[in-house]
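The first chain written gets the first letter, and so on, giving A, B and C; residue counts start at 1 in each chain.
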Amino acid sequence: MADAIAARLQALEDRAAIADLIARYGPLADAGDAAGVAALWTDDGIYAVDGFPEARGHAAIAALIEGPVHQDLMARGCAHLLGPATITLDGNRATALCHSVVLAKASEGWEPVRVAANRWELMRTPDGWRVTRRDNALLDGSEAARALFAG
Amino acid sequence: MADAIAARLQALEDRAAIADLIARYGPLADAGDAAGVAALWTDDGIYAVDGFPEARGHAAIAALIEGPVHQDLMARGCAHLLGPATITLDGNRATALCHSVVLAKASEGWEPVRVAANRWELMRTPDGWRVTRRDNALLDGSEAARALFAG
Amino acid sequence: MADAIAARLQALEDRAAIADLIARYGPLADAGDAAGVAALWTDDGIYAVDGFPEARGHAAIAALIEGPVHQDLMARGCAHLLGPATITLDGNRATALCHSVVLAKASEGWEPVRVAANRWELMRTPDGWRVTRRDNALLDGSEAARALFAG
């Protein structure tokens, strides 16, 4: 009985931790906190963003935030919005799917400049859940994004 | 004591399951998985989308995904983004409110082509939580969407 | 053991309650329920919206919803979308960070007219979690929004 309750609690905590991890990405990215963004991943975690070379490891992921594309977006004003994720737990591993929308300031209002499908692979580490791989594919009618969401 | 803990766990699991169910809609819709979308509903569940005839049952709901409006959106590139839902549990029933935003690819960037209020009615089934009714009303200044959200 | 389980349950319930509180804001605002919006705050809670005088207390917060800017948005058709929040619990206090996006009906489709960073301060009250302060800063390239998200 106690074991069953502990397992149910653990599963809920895992879901909450993963949802919170994903929800931290946008605020960290929009604050320009490159080290904070990178720390969401494992040391050798991969961030494969549509249109960019695949980034592996903290330095490469931080470089995406410090790079000209992201810095230009920040100077203009931007929001990296991530939708609520559907999470599938599998012991010390998990996957999650969600949308991402990058809104950038325009002369009037804001405009969605990137809208993408995201698939996250995560693992439990001694320091909590971390991302081992995030794939991102633009929802521009191409097959790649559909394939990501089809899991 | 054990009963109280079990009830609290169950309520948290119900919330997590319903949030995850709603979060699965967008990825399934954008992957074009008509059967997967339909399976979020009960066998005779209703999906009443503003501007479309009311769909009742899996075949009718799947037909919305397989139909020309949705297929055209997918060919163009689209995201069916659902906001975080506020969920009210009532035993084996629940209701939830959230926004939906459909973003479609334009010549440059994406544009919000549908923005709506959504009210979900759900029930616990032997296979988990399922949608018995989803009402969707465009937030275009009309009374219908306000009424849905005033719930 | 029972104490540890109760504490873990409480933390999960706190997270769920705070996420739900934040998710209620948009539907209440878009339904024009000024009293309902205000009741998310403590009696002397503060809502500091970028571009508006700071509102303190239920009457002042309700006045934002009843005021001309919000009423014009509602007449036009609008969605006050809040992204998933990252929540940090600290006993009877908590903070949360999330994006807000206001979409307004245009001649064709909808357009994002406000995109902002939000930082919420919350406290546990005898009636449940309530907002003691919400700061909102437009993500228009200015330092204020970055500072909010940098926490």
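Assume a contact is a pair of C-beta atoms (placed from the backbone, for glycine too) under 8 Å apart; a residue touches a chain by one contact, two chains touch by 3 or more.
Keep in mind that what you see is a predicted model, and the values were worked out from it rather than measured.
Q: Quick one: superpose chain B on chain C by CA and send over the rotation angle as a multiple of 5°.
A: Fitting chain B to chain C on C-alpha positions yields an angle of 120 degrees.
Q: How would you label the chain A and chain B contact, same or different, if same means the shared numbers make up over half of all numbers there?
A: different
Q: With chain centres defined as C-alpha means, what is the inter-centre distance between chain A and chain B in Å?
A: Each chain's C-alpha centroid was found; their separation is 23 Å.
Q: Using the touch definition from the top, which residues of chain B touch two or more other chains?
A: Residues 5, 9, 12, 83-85, 111-112 of chain B each touch two or more of the other chains.
Q: State the interface residues of chain A toward chain C in the complex, per the touch definition above.
A: It comes out as residues 2, 5-6, 9, 12-13, 16, 19-20, 22-24, 26-28, 30-33, 74-79, 81-85, 103, 105, 109-112.
Q: Per the contact definition, I'd like the list of chain A residues that touch chain B in the complex.
A: These residues of chain A touch chain B: 1, 5, 8-9, 12, 15, 83-87, 97-99, 101, 111-117, 138-142, 145-147, 149-151.
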